[in-house]
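Presented below is the structure to which this report refers.
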């Protein structure tokens, strides 16, 4: 159920509605919009009768919502949500590119990569410190040292930083060193972690699980937003199919579908989405043409020697060339790409 | 095995190589290139020894080919193949768009659609006459009458025409009335049909099967080319995955992968690829940005009343708007879009 | 729509109903049952009004049918259908096993295999003569010679014979030499072929397509039955999924689902379903325990030297051992396994 | 690398090998067998030279292991591992059935179910207390109260108890009240949780992720065993495919594949595997026929009123009937089913 307030509703009117919701044991969620406020209801066990709300002062309408996701839905909020990270606005007219290595490996590696991707037009830096790996015997990241190196790269270049948060135990440390918390594909339905990042006020980049439906991705975002953290960016990163020539099948269909269903910004990870180095630039272009608000791309100074994901990482010159192509597509889409000073 | 001739090899040198291949009971396939000829060998039961060929006059090299597809492979022919249809060249600098209804329904419907899509910039007309349908009780097309209406629309507008050939029994009739033979997804591994269209000299648009790998698509094309018909256009049209919010999952990864593996032109069908009308234009743009050489799009004068696929067909104004967007993306890719006079 | 006749309805009553159906331009299909007849209607463009039929003499009820398959549905015919092949009854109390090589390779091979599988308890022989192959360069079968060898093996052993019919061009020849026409997975939606086998009166073993849903399999069967050939056996043979350790994923869920939805007999092909020789016996047992009416299993005198599918073929002693295990499971299911004299 | 000791190797010989492994910074893992001990090595960054180990006293052989899973591999330990839970032995000759509701809902519900499933032949009770749910607005379980009710049901009936552990925060509480820790499909690659249950000495039922390959399931088990907890039971519970008539596709192929690759016991969850109440008994039978060591089945006193998964839960009489059928299949497989006194 969504209570839509009139443009001239007062703060008192809104509080009155909230009280009515709480009196029933449910939870009100204010969703501020450009011209007026809407209030989502959660915690209700079943259908909610709209009548008792429609008669309250300041209420324009009470709309039953059929979809299992509510707060993230365009039905609840029509305008695009924008996520503020430092001085940047994600989900607005500008397209942003996050770039960097799969794993932080050394000071030299992360600083040189940060400088190169900044020069090529990226506005944010990625790099894994705590790495979830399929095998217990693979490189698991530099952990705390990796976080420190990311912070150093940020200081050096001014790039904002994102890194994956793997579990609740390391969440506080990761949140201290990073501008965006990345929730990886394997954790998309780790509900305890979703709730924990929902309790922070850090922006979250939520990756689609390898076999998650678009609807499940939206419900995972709902877990975070329901805890009060509305700063969520969704990320398509490829799904698992029978095709085995590519690492995953990048589902660009998800981009227009998500843009229609939700007000949250949508990013795409073409590196994991295809997993073939030479083909990554084509998918960067295609993602922007499909309507993505940004990209997250793996870049490494020397891909063949990367400790992880080298086969899908671009080197500096490949990335620079690809960024030029992306810029042309963005312009054709009527969108800008900002450059850090 | 591929025999690469020297640029200065004579016709006699080439014939000598062919003789050596035939003497072993195998088949030579000349693959003319810009600067020199290559000769593919088929019919060999296993690995071919390169040495006896390397010593022949005019031979530059004899290269063992590991992949199960040969004649369609970039290893065999590096330059892009171009398919000539009437005055058009597919697979060159220009991007071509085939548009029209799922099924030919009436004279009025197909003529008005042909005129509208031509005006919007399409260079070819599609329309189903013989329709393979999942249920025996669904509309199966106007059959012979549909072919005649397509021919009339071609005469009226100058648009070249493509329609699906469903079986060998109707191949001759379809070939008489159409410029491109379309082999549908369900028939991608109907080997008897592939062989039959391989015996014609009509261009073929070969659609990827709903659960076919990229490699299997190339092997299906190999069936056609091995019969002597080199005029093959590949078409990605979505694969079947667990995601059920969209009709199929359009696998745009296939575009850069195919362009790297084969010299054949690559088209994309965004209508079947996503199956959601409002989202088709986004996938038209994304396909071109990924590097596709053309599109095939469903357009209908009145989609809600279409006898088939109305839910994924654009109306005339939606198509015209989408074509404007595609033109901008094509320009950003450094490619042209021709307009029929 | 299904017209259910009363047990005491006369032939005249039934003919009256048929006339009413034909008068509307539709087609009646008599479905004889144990105690009474039902009449399916096909060819109707949309919903059928039940009232005009309910008032006719001898009519017990007129039931609207929601599912897109009709004639093959349990709603139309509650009792299990039994398919007669020679002296055998498929789909009854007895479980039948069809066994033999992927391809007929030589007289010696097919005769020795026929003798071995008969001794182990198989009642029918399989063997490919016309082989659809993914690559045009693979072994395509002995064709006409293969059919002749199958006929010879039948004469020698008394085993009934099944082989794949690949296209309409070879249908007559295959039908002349075989007791059951096998329609392969790649041809499950080759509707022209389905219609052609529907015109014969030979039993058909219809294999599920590699990415066909259970519902699509039933609609493919509907194509055959709608042409008048009710002797259809369905065959689950594995679907394509992300799991790549096995050739396909044998979907045994399909067995109880099909048994609930249709009256047709259900067989299982564990050889293609798992594609791993050592694991085939486990899946033979599981299929029978799930409720399958029979199995089709690949057996070869010398699997490592088979021209096709050797990696999934059992040798004679493996097959004999597996049949002993299957017999125990069949007994636990309260089903018999007949032996040819 | 696996060091295989001679049957007559002394404890001193074994300790010498361990020292050599530790001296290199790696970790030895003793794997006791019936007649002799093997020692697995983990923590080695790459290939291990076998020679320095082969010359040590008491060493029979040093075998390089190619697969990415080691400790759980049959190459490392040929005999079946048996997991002891209370007085029960899982993975031995007896087949065990765990049964109970999806969620613990009330004292009455869990006690009556425990009594009914015990009477029908189950030896363990299941019931969810902390429920991971796709939507934040669905019933999330009785949590601590649910654990207490499970403990009460155990005391009342003598059935051992399993429940899902959802995160590290609740692990200690769950471990206190349950005999087997269940790791759910969504957490199969929650590596922090796997490591945490690996630090306990409780038996673990590890469910296959909805899109996890068989190899990934084995690597998830490796995470647990590498931490020293060897009491792991694997559980196939259905994978996500394009088929949407069933909730998941139960991959019974996984049973013989896992039995060949690993020494760990293999269970099957037919309730989630097919998700259709009427069809669950068929899949219970098929799982045992495929070689499973046990089943986990959802049973509820009144399925239509269950708070979760009612559509796939058996009622008491359906379960009792199904258990009779399973007992017949188990006997045909030469396996016993014990009954609690």
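Per-chain residue numbering starts at 1, and chain names A, B, C and D are given in the order in which the chains are listed.
As a convention for this text, a residue touches a chain if its C-beta (ideal position, glycine included) is under 8 Å from a C-beta of that chain, and two chains touch if they have at least 3 such contacts.
All figures in this text were calculated on a predicted structure; none of them were measured in a lab.
Undergrad: So which pair out of A-C, C-D or B-C basically repeats A-D, with more than half the contacts the same?
TA: B-C
Undergrad: Report the chain whose mean Cα position is at the greatest distance from that of subunit C.
TA: A
Undergrad: Distance-wise, how many Å sit between the C-alpha centres of subunit A and subunit B, to the nearest whole number?
TA: 37
Undergrad: Nearest whole angstrom, what separates the Cα centre of subunit B from the Cα centre of subunit D?
TA: 49
Undergrad: Could you check subunit B for residues that touch two or more other chains and list them?
TA: In subunit B, the residues touching two or more other chains are 211, 240-242, 244.
Undergrad: Once you've mapped the touching chain pairs, tell me: line, ring, star, complete or other?
TA: Complete.
Undergrad: Okay, in this complex, where on subunit C does subunit B touch?
TA: So the residues of subunit C in touch with subunit B come to 42-44, 68-70, 132-137, 166-169, 186-187, 189-193, 210-211, 216, 219, 222-223, 226, 240.
Undergrad: Quick one: in the complex, what on subunit D touches subunit C?
TA: Subunit D reaches subunit C through residues 211, 213-215, 239, 241-246, 249-257, 260, 273-274, 276, 278-279, 282-283, 285-291, 325, 328-329, 331-333.
Undergrad: Mind listing the subunit B positions that touch subunit D in their complex?
TA: 211, 240-242, 244
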